[in-house]
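So that you can tell them apart, the chains are marked A, B, C and D in the order they are listed, and the count of residues begins at 1 in each.
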């Protein structure tokens, strides 16, 4: 939660070798940074080194703006996949919705409560229904209706809106449209979706009905990054709830709403606090 | 838990209509039974009536042996699927195992602790490894090795053993052989398996490796009745546990053991206490 | 969830004896009711009979208004504690709040989503802060400031408001005032509170700080009926969440908000659906 | 889980200041160690630095035997509380039991399954009942009966046994005797107990009965280090399970057994893998 304007975070993964933690922490120390949280692990199965380290920038001799350049040589030497963030400017968020309000209102409320380190810059919807909620929280609401025929054009309109508003991250808060590959490739690992099942079970439409018919005793929700393959993106967070034979499909929908909103919120929070490293089709989420 | 020799239980499902509960409970009352637990529900989605009712047989005017005949006319009138049990004689259980001991030893211990209403009459294994454990609990242990070539013959040998020992229910406690359709059809809804994944996710072999590769954040275990379709039988019980990026496949195997044994034990307990109605591909499990 | 205007529910407990279920279900059947859900149990420890039964009133020969009179003789004979409800008119709810909005907004949202069978008639607060939220959901908002000196007078004002608005049930949604015994006795088993700890642990003020200091690994929230003894009322619902050494008191407060709102919502839902029987200091909550 | 004979682990806490991680990791690196897992955190509430770091000793230039001496100057400079362990020799465990077997058999089974990094050197009991279980796992079993009159003498006998067997850690696996302060002070933070409630709720005797009477909806189990104050020692691990009005005290005892054994096993595993730092009355448990 150290996301004050005085802190920075480095996420990095690379093939393991001796001295990596020492090099990284020494780099921070000799430039005046005080490390407040560090989590490092070498996976047994792949010999991959992963680290998340947060430090206090108050007495740091490098400015936030120069941070990336300063770390690049080290990362290059390590052949690392990496990302450094200086928490001075909040990332800008766009939320895509259709008609369901439970995820949207939960994100807006958490943001107001100070749980999410971001600016919510805009809401995009293919329906006008949720505008009053956006108004209550004073977030601009853009209606961009989509039909089969207009989809490509409308997506372009959305991309323009996102670019104009300098959006960093997109949350699909039960947005009932499938984004094209073209759209997705503009925001790699920056579009977060919530799927209302325990993936990889019940991919596709009507997962609660599928769950009812299969007779599972527990239902779930899954938040993941959006990739070109529907419901196949790297999983960020999941949770579950017990159901019984007394629960109709409609009861599952109701119980599921509670899951969907917390799972999406936790995934978004982890993303904004830079706790997520994506390694091919999997995520590493630092606690 | 009222499985003393003084109680009986009726499980029944049928198309709903007015008066069913009244008829059933009056039937019990006028024959001197005192109902100690009753759970009835009409499903919204299918208009199906389901009931589980337990009563005290101490002053019942019908003997346990005549119970089935006495209820048959009522059940026939209701066009019901039903099962009545008088808890005088414990059902006889056979446990099938290979080399993993965690589920076997959990069942044996719970049985000794009085949690499971049954006699454990025999253990069948394709390997001799777990004989000492069987000996400790004084349960006969039969080694029936299976190869591709001998499978049909060995299954026949197993079926003979089961028949000779008047086995009612079979538990596959991580038995690493797939039973033939022929075998399965001898014990409809009487063979309970434990699958080490949250079904329907990760059907088939090596589910923990599949789970690792997909990057799920939660792993599960599923106990189900065995049908001709592998891993497709009616689900009885499921549970889950959280995993992180620090967990290797081997860690998942370890965490999974804890799940597998409790999920299998709960499913078996529900089965023995006659808490399960099978309705096509789904179960109704009364609490 | 069968709370349509065509259904009724009976909650009843009494010393056990033979024939109770039969008598009750026959009573319903012979008056044309179709039972849709019934849950009955005799406790081993106290030999107490408890039942919740729901039936369809469409063809019932007794009107909702006459239901209570019709059942009274039966209940009297059984020496029962009982309550019958005809779901024609929604109960009227008042929500008491101070400055925290998480529970209030959750209840308002769930009500709008159709999860709670009630009318939310008014909000009472000792602070004006949450008026905009009340306005958004179009619920009358009454500010009744309380100081040590004015407490008795202000409580009388609140009682007047409640009576004028024919309030049935009061929810204390993190209301930071302790109600007097006099106030409480006007609404026996009709005032629902949320306490931010796993009761009976951490009674009183600052439970998250107490939890932090004791070093517990799991924190909880508890919803209970309010009685004269603070935090000692019958518990309706509880839930928990894991914490680690990385969680500060402030992190516990944040995690706790998620617990508090769902625990309070589940307790309120159970209350409104007439799933709760109070037996001395304990509740029986029917699933 | 890196507890092979090639690895070492350092646990350390001290007042925070800049450069601590860098100093520690550099110390390890320049002596040829490869860090495989590191978890460091500075608590917001107390400005306390805590770290657990594991490294590969294969090419380390300091022998395991000299490790403590090598680190002492650094730790002294940091004014740290610390502990370094070279996983060459397994710690020696004694298990104290009375008549309940569920925790004992779970530990013995897990040990055999390779989950616990220790030698189980002896079992001590005030009753002979569990000797057959000890025999099955080939662990020496010592009966030391205790009465009010003989307690002091028998504890001395136990202390002698422990010293002779070079016991490092003692597990009270539902041992129904209270150890004297004198006994406890011989093994500071080395005696692990399991209490069958969610502490601090239901301290003392018969916690399941207390839980039943209070009407809680969830019961728990707590594992903690034993200190002079009964049930007040630093909590290591807790877990919970849901109960309903259908659960008698006896059902809670049964459900509780499942909790007790896993909670105790997790606490013991964390202790043996050197994941626990004790800070006054609280523990920090590294994942």
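Here is the rule we go by: a residue touches a chain if its C-beta (ideal position, glycine included) is under 8 Å from a C-beta of that chain, and two chains touch if they have at least 3 such contacts.
Given the structure is predicted, the values throughout are model-derived calculations rather than measurements.
Contact count check for B-D and C-D (C-beta pairs in contact): higher for C-D.
A centroid comparison over C-alpha atoms places B as the chain most distant from subunit A.
Rounded to whole angstrom units, the spacing between the C-alpha centres of subunit B and subunit D is 36. Per-chain CA centroids place subunit C at a distance of 41 Å from subunit D. The set of subunit C residues touching two or more other chains comprises 1, 37, 41, 44, 244, 246, 248, 250, 287. For subunit C in complex with subunit D, the touching residues are 41, 43-45, 50, 198-202, 212-218, 220, 234-240, 244-246, 248-250, 281-285, 287. Against subunit C, the residues of subunit A that register as touching in their complex are 1, 37, 101-102, 105, 109, 113, 115, 132, 136, 244, 246, 248, 250-251, 254, 257-258, 262, 287.
Residue ranges on subunit C touching subunit B, taken from their complex, read 1-2, 16-23, 25-26, 28-30, 32-42, 44, 59, 287.
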